[in-house]
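Each of the next two complexes has chain A plus one more chain, namely chain B in the first and chain C in the second.
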Partner chain A sequence: MGEIVLDVVNQRTAFATGRGMLTAVSGVSLSLERGKTLGLVGESGSGKSVLARSIMGLLPRAAVTGPGSRVLLNGRELTRLSERELRPIRGAEMSVVFQDPMTSLNPTLTIGKQLTETLRFHKRLSKAGARQRAVELLRSVGLPQPEIRVDQYPHQLSGGMRQRAAIAIAICCDPDLLIADEPTTALDVTVQAEILDLLQRMVREHNMAMILITHDMGVVAGRCDDVAVMYAGRIVEQGPVREIFHRTRMPYTAALLSSIPRISDPAHRRLDAIGGRPPDLIDPPPGCAFAPRCKHVSDRCHRVRPEPVTEAGHMYACHYPLGMKEPA
Partner chain B sequence: MRYLLRRVQRLAIVLAAVTLVTFLLVNVLPGDVAYEMAGINSSEEEVQEIREDLGLNRPVLVRYWDWVTGVFTGDWGQSFVNKEDVWETIVHRFPVSFELMLLAQLMALAMAVPAGMICAFRPDSTADKIIGGIAFASVSMPSFMSGILLIYFFSLNLGWLPATGYEPLSEGLWANLKPMLLPALSLALVEWTILMRTLRAEMISVLQEDYISLARAKGMSNFRILLGHALRPSSFTMLTILGLQVARLLGGTVIIEQIFGIPGIGRLLIHAVFTRDYIVIQGCVTFFALVFVAANFLVDVAYAWLDPRVRNERLSHG
Partner chain C sequence: MADLTSQGTAGKTPDTTDAHEAALLAYARKKKLSPFLYLPVAWLVFVILLAVFAPWLGLWPADEIDWVALRVPPGANEAHPLGTDHLGRDMLSRLIYGARVSLTVGFAAPAIGVGFGMVLGMAAGYWRGWIDEVVGIAIDSWLAIPGLVILLLFALVFGGSLFMVCFSLGLLFIPTAARITRAATMKFANREFVLAARALGASDLRILVREILPNVIWPLIAFILIDIPIAIVIEGALSFLGLSVKAPTPSWGGIIAEGREYLETAPWISLIPTAVMFTTVLSFNLVGDAIRRRMADVRESQV
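Coming up: the complex of A and B.
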């Protein structure tokens, strides 16, 4: 067992809406070791981004965090810290890469400025020192001509280059935890692999822990150590990548996996899409949240919510797990 | 270059429209400058004679054409009343009004920017509601009324600032500023609300942007986020309004200069209207239009300063 960087215990995040409380994340627990990558997978609206923001403490003011929720970073409980106490941790011990580098970089500040302000605040570098470090960082993320790029504005860079710059900002203070929130969704397909490779290299070089949020099971396959599948605000299946792919228990995970197109598929085969839509999170049904869309649903699924079961590091929440003779 | 050409084109159209309309309007008004010059006890014949002397009996469009060709050759004409050169009078008077307008806008900005940021930071908070209340009370009061109230408090009651008057800059900066503060403030009290509300609205949406989340994720303080990250991208609409407000300010100075006895271009215009001195009216109106167009040109330049995306577009389009 390596050193535990992140521990999330029973995270609950809800939002007050006009129709009532919307529980976006309900009772999520996970932990992450140094040097490991956790793939957090789910559809849009499954709560993965809210979970990421809950960890960073970047929730909007309308958000309510559950009383028993705890987020521990390097053993320190972040949920107890004030905004002021969190500042030296944010950006230094944990940082984030957002989905769209068009909107996550400030259009009115140069790349260099956005990098150096972080360096100067956390590392107390001089102006010249920070600039020099910024150029080095831009070079290390593979940005061509970093001496020129450092004085350019985000709009002067291509999407892929912008995401590289955003990654440079995220890793500039050697964080212990990096949260990459769908870092390639907004990019061209050709650039996606490059950015994922870069993230993987950064995790290795800086010995970080990374949460890679994605809706693409294909991204998870080669690049993560563990996977957590989220559905309707809960983790419904979690475990080592190999285990999840080969011994899928939860029908939702299976549905996600079969929605990846395969090269071995015959041409023009229809992709398996998951019918229906995720449930209403304001007034969720009593049973399993996936029941209305599940192929293997029974009466019990509609009435009783399955409790998570863990066997040999593989957690799932299902009454009728796949590949098992007897119901768990 | 193309851009500049377009601007000049627009300026020409604006000027032509504005001057022609005022020319016609002044012409429609009852009475003319001849009455004013002849005096109260003059006969209709005397008035008619003056009219012929001045060429006032010619058709409106002929007189307008005369005036336009004059302006193009640098001759803005002479006042019918005191025979002073119109251009010189305007150039002499305008700096006074300009100082008043500039001071008013600076005061308005000095109130609007911090207030707008506080309101946008926590919308619907107590601070937001209080500031919003003050702002609406302030904008609901016409500037001549707040001007009179300001005179009452600061000049009559407290005796801190003079109620009227003007001192040239040669008398020293403070001596020059002192009588300007109250008139500028009474103009600013109307303008700041509009600036504050536009900044607030735009900043509320900017604060939802990912790059603000990222700034927070980097550990930046709220103060720094507001000032360093959010203010610039939130200022575009406010800047546009700032340019458009020049028109309102030009109108405002006309009244405020009257109340505070400031010898600016506004008073020149009022006097000219009362005496139907249409050459001076034309001069003032043309000059106002020039100032307005120039101010909005400056706003465009400021966009480029605020937004690097605009800057590059300009460069690449040459």
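Coming up: the complex of A and C.
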């Protein structure tokens, strides 16, 4: 076992809304070792991004965190820290790459300014030192002509280059944890692989731990060590990538996997979409949240929520796991 | 390998940026100031230079009375090219010294208003909650008092110093400036780059100054451009009512008011400052419009 960078224990995050409490993340636990990448998969509204924001402590004001929830970064509990105490940790020990580099970069500041501000704040570098480091960082993320790019504004860069710059900003202070929140969703298909490769290389070079948030099982396949599948605010299946792909237990994961088109599929085959919608998180059904959309549903699924079961590092929450004999 | 790829792209990128810049330049050239705008720009530069360098122009002192030249029409006396008023004071000198008052108020009042309004609006739009409510109530109550009452009150209580005129007029610009800033701040406070800045450890103050201010400054500049001529006109009206700077100090509105009684015998006393003020306000409006249009074009082409 390597050094544990991140430990999330029973994270619950709810939002006060006009209709009542909306529980976006209900009781998520996970831990992440240095140098490892965890793929966090789920459809829109499954709570992936709220979980990421809970870890960073960047929740909106309306959010409420459960009393038993704990987030530990390098063994230090973040949950109890004040905003002022969190500031030197954000960006320096943990950092984020957002989905759309068009909106996550400030349009009125040059790339260099946005990099050097962070460097000077966390690393106390001189102006010249920060600038030199900024150029090095831009070169290391594969931005051509970093000496010129450093003085350019975000709108002068292409989408892929902008995301490279955003990655350079995120890793500029050597964080231990990098959260990549759908980092390729807003990009051209042609540059998506490049950006994912870059993230992987950065994890290796900087010996970070990374949470790669995505809704694409295909992205997870080659690039993550572990996968956690989220549904309706809970992790419904979690384990090493190979295990999840080859011994899928949870029908939701199976449905996600079969919704990826495969090159071996016959032409014009209809893609398997998952019918229906995710449940209402303000007034969730008592049983399994996926039951209304599940192909293998039974009466019990609607009544009793399945408890997570762990066997050999593979966790799943299902009454009728796939590939197993029917329980008695 | 890495060298090869960076070389390959290095060959391409400068071309595309050059092409981009060339296109922008061509666009800028096409949208260059129309010849129609040279006149107002020239006029404003002329008036501003005269006002700034008034003490070194060798003019008659603005309040010195030339007893042998009362109510001299323009052009009749070489010593007084624009004539004299009913007290024999040099019109040209009074106009130029009057321009100092008008321009000072024209620039200072909107600046004061936008300064205070920006701080209030950014605080309200960024922190929301009770700050927003307090600022909102304050602005609404401020707007409920007629502007003229505020101006009269200030003039009566504090008297006609130039600073008080600028300040009281500036107060009138605060509510609108605060509202514009609040709306713009709210728009940008929810942008992802603000969240990104927080994720990098930036404090609220830093976010306000570095992330939000550069974005909300543009609508405020447009607002100042609109307010300069308005402030000049209001100052003129206040002078006309005798509520601006005190009597011997010349101001355009004041000269117009003094010349009222001599409209039949010496019409130039009122008409010349009226024409000057009209031209100046019109010029500010034309130039302001042109700048705002350009600003909108540039921002649209970038975002």
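Going forward, the second predicted complex is superposed on the first by the 326 of 328 C-alpha atoms of A that agree within 3 Å, B and C clash if a C-alpha of one lies under 4 Å from a C-alpha of the other, contacts with A are read in each partner's own complex, and residues count from 1 in each chain.
Everything that follows uses one rule, which is that contacts are C-beta pairs under 8 Å (C-beta built on N, C-alpha and C of every residue); 3 or more make two chains touch, one makes a residue touch a chain.
Everything quoted here is computed from the prediction, not taken from an experiment.
Enquirer: Are chain B and chain C a fit on chain A, or do they clash, once the structures share the same frame?
Expert: Clash - chain B and chain C, as placed by superposing on chain A, overlap.
Enquirer: According to the stated criteria, A:100 is in contact with first (chain B), second (chain C), both, or neither; which is it?
Expert: both
Enquirer: One more residue to check, A:56. First (chain B), second (chain C), both or neither?
Expert: In the superposition, A:56 contacts both chain B and chain C.
Enquirer: Given the touch rule stated above, what does A:90 touch, chain B (first), chain C (second), both, or neither?
Expert: Both partners, chain B and chain C.
Enquirer: Name the contact category of A:108: first (chain B only), second (chain C only), both, or neither.
Expert: A:108 contacts both chain B and chain C.
Enquirer: Considering only the touch criterion stated at the top, classify A:145 as touching first (chain B), second (chain C), both, or neither.
Expert: After superposing on A, A:145 lies in contact with chain C but is clear of chain B.
Enquirer: A:121 contacts which: chain B (first), chain C (second), both, neither?
Expert: A:121: touches chain B and chain C.
Enquirer: Contacts for A:16 in the overlay, against chain B (first) and chain C (second): which applies, first, second, both or neither?
Expert: Neither chain B nor chain C is touched by A:16.
Enquirer: Just chain B (first), just chain C (second), both, or neither: which does A:169 touch?
Expert: both
Enquirer: Both chain B and chain C touch chain A; at which residues?
Expert: In chain A, positions 56, 58, 61, 86-92, 95-96, 98-100, 103-109, 117-118, 121-122, 153, 155-156, 166, 169 sit in both the chain B and chain C interfaces.
Enquirer: Note which residues of chain B are touching chain A in the complex, please.
Expert: 122, 209-211, 213-222, 224, 228-229, 232-233, 306-309, 312
Enquirer: Which part of chain A faces chain B closely enough to touch in the complex?
Expert: 53, 56, 58, 61, 83, 86-92, 95-96, 98-100, 103-109, 117-118, 121-122, 153, 155-156, 166, 169
Enquirer: Under the stated contact criterion, what part of chain A meets chain C in this complex?
Expert: 56, 58, 61, 86-92, 95-96, 98-100, 103-109, 117-118, 121-122, 144-145, 148, 153, 155-156, 166, 169-170
Enquirer: Under the definition above, what is the set of chain C residues touching chain A in their complex?
Expert: For this pair, the touching residues of chain C are 6, 9-10, 13-14, 17, 20, 129, 191-193, 195-203, 210-211, 214-215, 302-303.
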